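I have a structure I would like to understand better, so I am pasting it below and will then ask my questions one at a time.
A, B, C and D are the chain letters, set down in written order, and residue numbers restart from 1 in every chain.
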């Protein structure tokens, strides 16, 4: 598998992502500086977390216009696989490679804690390490994770099986209007979504931070294992 | 010239900040306050010959970066 | 009544947001842009009898919460 | 600004009459405004440690594993595998009361610069917070802003905030404590120091532009608060964590080359203290050309530029043949880079602006004749031990009261706002163990770290307060299974001009020294924050409780062996030690 991790000024979870990929595949990904103009030859492009350009205007807005995003858009048009986590998810929505937007958390505070996700999306390399309905634990760390989209778009996402992950209780119970379960107030408790062709995935929490038995557990590892399996080591 | 781009959430999009501020005002004892909405104003110095040119530049910048049209509307004014 | 509170950074106070947006606009090819400053507008529905009353309420809210007078200035307008 | 330089102006800059006389003697003439500004900040309590230096010297600072003790930007200890841990704690108490968000944020930014200035990548942040009475309305404002500010800066930098402590007491109404600690990791043979060297070498300014931020912050942090200070408010410094993130990456990239001879961050008293310190330590002179300084505002005076506390700036001396290479690195990170002067052999600092010499001061006397005070210290009789209450309220009620106390309540509301997992090395997050544990990347070893202080012990007996903070920190590190190695400290006290407070200070240091020596636990860096007092409308001053905060670092050889607080499913509960 040839994976590339995009680094913008202000990106700060690129090492975490590289670490998770290395654990899953035995191979370190390529780091891509935001001014590069091509992502050719890669199987998968990952946009990791952080505060690209400080997230000073809207999270992800400035990064979405970086030179590399032109290349990433071309890559997407050719059917390339792209995973955006946290700030990466925000960047993908700002670049309109994924629908919707991420607003300030409902409680107006940064949220750094473990949450539980229910796996829902069908037929994607990002979700097939689990079975539909599985629940896993993962850290989250964001200020703007409150997913929103028009009601029509939300219906469409659900109808097409493009909600990849939802916030839930440890036992799998989903309740969008419960701030203890749906911590950031996301519409329909959506934590991650897929593109129409299911090759682009964006999610807010950080499965990459729970992939190492020495660092708290491996609950997030299935995501990376499945990706590696899809492309071969 | 001074161009002001006014960016606000589209009607119907939930404004978590506005909501939180509304709550906070109520708990500070401001009981007469209803809806609260928060918007962003970007003031730019633009080197342009005419107001019209400045406005066009402002609109282009709003579309390109300053507003996210999925959730936001914008208005451009040439102030001076 | 509709009250609008306009909150901006005091002169001389660093505006990291404006600075970053200025950089980003330049690298998007907007070469005619000089200084960029970002401010906030809070729109409030206030139950008041007179415009004067509404303005007073707006000023009280700005002082109490909406503006941080150590680094920010504010202006209150009764819009309608 | 047309200010006449005289004793009165000197007084308003915080210099006493005797101190101003010394300035006149050194200069042999009336100093210029810029020169007076330089003397006043260099001789402020904050920069000169004039009340504390004599006592700090008594602390244990040596051990075979100590690479650099106090005196550098941060302490450096050997942690094996060719690596070093670099750490320090620093206060931002006064700014955090005036503007809690920015005060705390810039405090975190400042301490991180102290650590990466030495060539270390910051891997963990901690803090120690003291707020006023939890029932006090203003406490809410301060807690909210401080917590947001710490998170806002650290989260954006991508440095996990892994631990800290928080207490409430009415003595901190109007004077909260915000002490921030950063721990970094560096190659032990690639540590960068501030002593300048090489006559003629370029002095280079990098980072953000200079504005009129926080002028006289250093003198203010050495003066007690009164109601006037709200009107005298200096422009508050606004933190820009995005720029600091670029700065750390650019500095570390540059430090991987051989371009840097010496480097110093611009903290309190900005350009003045960094230039003076680099030149004094290197025993060279320094010529500055202020026209070259990147400026954010128009028409700044030399005086303003020399005293500005704009954040996210560094000063370096580079090898002349590497300057262009360095410039390219900073351009890539879109940071300002300017040669603003050269080292000279004159032993003086000269400052030129718009064709005029605005300052010309001999560095020797500026440093050597800085005032040092042996202030009178008195001790109060320690109060008698409390007798247990005659009428116990009953165990259930007692337990309820304890659990409901703000000092014991869960701190998750605070640490859930701090990114504690970024970098992917956090083994024990806040709440998980007595000390936080972060893996040393690429190894199976971990660093254990904690901050501790119990001011009410110090209030009863300052000596015990100092001693207890040290042993508590030592115990917290030990309890995770790690070997405690060294400490940093942040000594927060009231006015040293009050003999009883000076007595608290002296006794607390004695206690800390005693603890450190007994445990082979040296202090390798630290910070002193005095004049933590508020004056009420009636003119009465009240000081905070004596608060000698300790930050400690230890090493754990195998993180798989780390011990946390979670109760295992089975097993026995043992109590060790006397009750």
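The rule is simple: a residue touches a chain if its C-beta (ideal position, glycine included) is under 8 Å from a C-beta of that chain, and two chains touch if they have at least 3 such contacts.
Values in this document were obtained by computation on a predicted structure and should not be read as measured data.
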Comparison of A-B and A-C by number of C-beta pairs in contact, larger one: A-B
Centroid spacing, where centroids are CA-atom means, of chain B and chain D in whole angstrom: 39
Chain A and chain B, separation of their C-alpha mean positions in angstrom: 28
Inter-chain centre distance, chain A versus chain C - centres from mean C-alpha coordinates, in Å: 34
Inter-centroid spacing, chain C versus chain B (mean Cα positions, whole Å): 10
In chain C, residues with contacts to at least two other chains: 16, 20-21, 23-24, 28, 38
In chain A, residues with contacts to at least two other chains: 53-54, 56-57, 62, 65
Multi-partner residues of chain D (at least 2 other chains): 240, 242-243, 334
Touching pairs among all chains present in the structure: A-B, A-C, A-D, B-C, C-D
Interface residues, chain A side, partner chain B - complex: 57-58, 61-62, 65, 93-94, 96, 99-101, 103-108, 146, 148-149, 185
Partner chain B, residues of chain C touching it in the complex: 6, 8, 18, 21, 24-25, 28, 30, 32-48, 57, 60-61, 64-66
List of chain B residues in touch with chain A within their complex: 13-17, 19-20, 64-66, 68, 70-71
Of chain D, residues touching chain A in the complex: 148, 151-152, 155-158, 240-243, 245-246, 333-334, 412, 415-427, 439, 441, 444, 559-560
Contacting residues of chain C [partner chain A, same complex]: 16-17, 20-21, 23-24, 28, 38
